[in-house]
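In what follows, structures are represented as structure tokens.
What follows is subunit A paired twice: with subunit B in the first complex and subunit C in the second.
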Partner chain A sequence: MAYKPQYYPGNTSVAKNRRKHMSDDLEKLRDIADEDLTAILGHRAPGSDYPSTHPPLSEMGEPDDPIREIVEPTPGAAAGDRVRYVQYADSMYNAPATPYFRSYHAAINFRGVDPGTLSGRQVNEMRERDLEEYTKRQSETEITDWGLAGMRGCTVHGHSLRLQEDGVMFDMLDRRRLEGGNIVMDKDQVGVPIDRKVNLGKPISEAEAAKRTSIYRVDNISFRSDKEVVEHVQRVWELRTRYGFQPKA
Partner chain B sequence: MAEPRFKKAMETKYAKEWGTNKCGSTAKSKITDKKTKYLRLGYTQNPRKVEMTKCGAAITKKRGLQAYDPKLHLAGIPMGQRQLTPYTISGTDIVCDGDDLHFVNNAAMQQEWDDIRRTCIVGLDLAHETLEKRLGKEVTPETINYYLEVLNHAMPGAAIVQEHMVETHPALVDDCYVKVFTGDETLQDEIDKQFVINIDNEFPAEQAKQIKAGIGKTSWQAVHIPTIVTRTEDGPGTSRWMAMQVGMTFISAYHMCAGEAAVGELAFTAKHAGLVEMSDMIPARRARGPNEPGGLSFGHMADIVQTSRKTPDDPVNVALQTASAASMLYDQIWLGGYMSGGVGFTMYATPAYTNDILDDYVYWGADYAQKKYGKFGSAKATIETVKDIGTEVTLYGIEAYEKYPTTLEDHFGGSQRATVLAIAAGASTAMATGHSNAGLSAWYLSMYLHKEAWGRLGFYGYDLQDQCGATNVFSLGSDEGAIGEVRGANYPNYAMNVGHQGGYTTVVSAAHAGKKDAFCVNPLVKSCFADDLVNFDFADPRGAFGKAALREWDRCAGERAFVIPAK
Partner chain C sequence: MVNTASVTDKPIQIRVFPKRLLQPETAEKLLNEIDQTKGVIRMLLNGKNLPRKVTCGPGTGADVNHPDRMIINVGGCAFELHIIVGEVIVEVENESAMEDVKKACERALPFPFEFKRGHFIKRRPTLTDYGKYGFRSKTDERINLEDERILGLIDPHAKAETNLCVIDTEKK
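This part shows the complex of A and B:
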């Protein structure tokens, strides 16, 4: 029998979605042009060269090192790209992603990534061209719904706020909004206006969000109802507690 | 779900007009609505912001240098893109602006910390032994009364044995005084009433009995040096100021030679051997001496709060008032001021004392625990008890946030929610078991459950202490396994994380409040603050914060107005 990763307990749709996020088993929902993603990331002008912080590794004359032979550099590291970031905020009203599962998705499925996990946002730092590849994956697939999520470098808040009347998550900087049935973004992730309106596609319906979400909610799949996950958490807590109590130590 | 305690506060915040925020009209919502209208009215919707803007403009004009101007926020996008809403002080009808809860804008919050920092306790018995055994002096209630009379003249900064001395003006130091307390009922009765913290009068009978048993026949001085001094100096200065005045007073009251060797012994007693400071010195890398907040143990903080002797039959109120005083001090002043600097930390503390959400969860948890396990303090402190109460209270809180989106919006940050849920789980468990570490254990279980339910917790720091915390709750390591009462703001892994220390103090308080204990860890500290003459109201911190937010609280000290030109 072929090995099948089992990343997470639970039998509900929320638990299944968490497993999908962790294993990168994600449905692609939309196409977003590379140049448009570069524009909203806001790190370099679309079409311009990647700024670098060091020469390509192949030109650096690095010392012999078995680890360097074992670990193949990512394309961004090989080229000497800067380390840059992308940060998402996800609504607690059934956005598909949650911060921890964005982090798990990045850390399990991509290399050279430094995830940071907070309550209202999740940031990943990577070499720039690697970051763009990762951002495309997150932006085009079901892990992100642009009505219930936002790319926000700063002034991120919205995840816990009530939704706007049109069902879109609040954004103080109004970086993106619902226009003609699609979410369009005309500022980069830190709120600087860009020279285009990027079409991020149609937001999913409330019913669809309830199916695709990875957050437990009492008005959808309650946390209490997924007994296997609750018991798993209690077991982790109990083992850590008992481990700390070691008279022999 | 019965009508929650936070209903009125949420309606005040989100369904009624405040300033011109139009919450009562254009953006009117029910507190269970998941959607609302965001009006983007900017800062002018809020009267306090308007007042501050006018003031900032006047300062800019007067000094010819830029001052406060909210239009500079985010390159011209001012706060108020959502509705700026008020805060109800929990357990009261006081409604105020968030700005009025920053400690700079709230005189009571400042005085809470001033009153702790300017306080020390010093024993009388060692000094009396020196006087009697070494010098052959007679110590009687009459000499003690005279000594205290002189000391209350001297402690604020007055001279007693020497010519050519300058003195502090009484109008600037009228908050300074010394009282004594003792477990010796005979001595207590013989000291002039003005100087005595009478334990029998200040505590319910059963608590007084516990306090007197803890103190025994020893006698102690509760010293509060002037606020203006502690504001000019620092925490370590408190015992120095006290010891100098105590030493000089002994010389004067007992007619000693100013230079004789016994004076050194009296000074050593006051500065070291008989001294109890409110907090300990912490390591040099954090560079704070005694009587600074970083060394203040949770047990001492819980004992400084006096609600336990005022409402012993309402242990949840005791825990919540402790949560309020401790969160304000540890989050707003210690971590937010001393350690970090800045503005944002106020928001970590406000859930402890505003809008009744924490109150709802803790009262629910205490009720659950009492119904299932009976009298507080009687449940066995086992894994099963902690698992049960910790899980049920956390799930109740999580589901309340989900059913009432306005509560989720009020506690807009995961760090706020994490602490509120963990306090509720921890305090309920501590009350049920009478065991502070069982409460802490429930705290960590709550953090794990919260993280898995919502796929998020607090900021990065919550990953540190809240993921590893379960392992140290019952550790046998001598420091990391300490009981909650003697853990403190500088405890390993607790030292750098906002939003926790006030919560841990609440858990410690709850373990004892449930059993109606007279004190948590130190009867001396509890007795020292059992005194209405202390400026801050340690029996009702929330009330004091609220009155100060309305600019109606008038017990502040340390003002310089008396010696500066009137405006």
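This part shows the complex of A and C:
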């Protein structure tokens, strides 16, 4: 029987969503054009060439190395792209993703990633064209709801605040807002205006967010209601404690 | 004996904490409803800053133009909101005014809110206030302020003109 990764324990919808995020078994909810995505990332002008930081690897004459033969470089590394970043903030009010699960999604399913996981935001550094592929995956699928999450390179404040009246997470720099039932973004991730209005689709309803979230909350699905997860967390804690215990010290 | 405590009565302070951050229209409606209630002494708005310009990161200096940073009218006084309103602290004269404020909030807010009585705005001047305003005279150590209601409403270093709105002074 072929090995099937288990990713995460638990029987609640939150645990299932966590497994979905980790395994990249994600439902695509919207289409965002490549050029629009490039514009909101703000690293290069849409349609322009990728600036490079070194010549393509094929032209560099690399030294003989068995590891280089085994590991195929990512398209961005092979072309010599710059390392760029994308950062997301997710609301604590039942946003589909959390920083940890964005990082799991990146680290398990993509190569050449450098995820940074913080309490309210998750930043990921990659070669530029790899980053665009990764961002497209995260932006178009159920891992991101643009009403409850935001692409924020700076001034990320909002993840722990109450939602606005329209159900959208607060954004101090007004990068994206609800317009005619759709979330529209007209600035890049650091708040610099761009030459287009990028339609990021309809935000999901409150009830739908409660189903799609990967956050345990007492007012939705509490952590303690998932016995298998509690058991798993306690086991990890116990093993870590035993491993760290040094009788001689 | 030197007189130091100029505020002797104890008005009631209430914190109105809505479930959502208020859009300017709702904030305006709420503040007007509270303002029309008899016995309200002062109100303090708290919330998250809406900056004019991007202050950090590669986009520093770019205009924000946040749509919620707009001018609202409360009790005939127009002022610009610098924040998205998250809570309103109200000081009232007595218990009956407190009930009226609660009813005003129920009329204005389309969603649930917390309504708590407590101590939210300072009632007596602190050392910083004395540093800013000084004593009235050598023998009178009360703070050198005509209207002590402004104490606690603004940061001692902030400009009063842009942060303080005085409504209906003649009646009061």
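By definition in this document, the second predicted complex is superposed on the first by the 244 of 249 C-alpha atoms of A that agree within 3 Å, B and C clash if a C-alpha of one lies under 4 Å from a C-alpha of the other, contacts with A are read in each partner's own complex, and residues count from 1 in each chain.
Quick note on the criterion: a residue touches a chain if its C-beta (ideal position, glycine included) is under 8 Å from a C-beta of that chain, and two chains touch if they have at least 3 such contacts.
Just so it is clear, the structure is predicted and the values come from calculations on it, not from any experiment.
With both complexes brought onto subunit A, simultaneous placement of subunit B and subunit C is prevented by a clash.
Once the two complexes are overlaid on the shared chain, A:G153 sits against subunit C while remaining clear of subunit B.
Within the superposed three-chain model, A:V190 lies in touch with subunit C and out of touch with subunit B [touch as defined at top].
Put subunit B and subunit C next to each other and count what each touches on subunit A; the higher total goes to B.
Using the contact criterion defined above for the overlaid structures, shared-chain residue A:L161 touches subunit B and also reaches subunit C. Of the two partner chains placed by superposition, A:G112 touches none, neither subunit B nor subunit C.
When both complexes are overlaid on chain A, the residue A:F170 reaches subunit B and subunit C alike.
Of the two partner chains, subunit B is the only one touched by A:W237; subunit C is not. In the overlay built on the shared chain, the residue A:F223 is in contact with subunit B alone; subunit C does not reach it. With both structures placed on the common chain, the touch criterion links A:P99 to subunit B but leaves subunit C unconnected.
Contacts of A:P73 after superposition: neither subunit B nor subunit C is touched. Residues 155, 157, 161-165, 170, 172-174, 191 of subunit A contact both subunit B in one complex and subunit C in the other. Within the complex formed with subunit C, the residues of subunit A that make contact are 42, 153-155, 157, 161-166, 170, 172-174, 177, 187-188, 190-193. On the side of subunit C, the complex with subunit A involves touching residues 18-23, 26, 48-51, 54-59, 62-68, 84, 86, 111. On subunit B, the positions that touch subunit A within their shared complex are 29, 33-38, 74, 77, 81-82, 383, 387, 391, 395, 398-399, 402-403, 405-406, 408-409, 411-415, 417-418, 441, 444-445, 448-449, 451-460, 463, 468, 470-477, 481. The touching residues of subunit A, counted against subunit B in their complex, run 18, 92-93, 97-101, 116-120, 155, 157, 159-165, 167, 170, 172-174, 191, 214-219, 222-224, 229-230, 232-234, 236-238, 240-247, 249.
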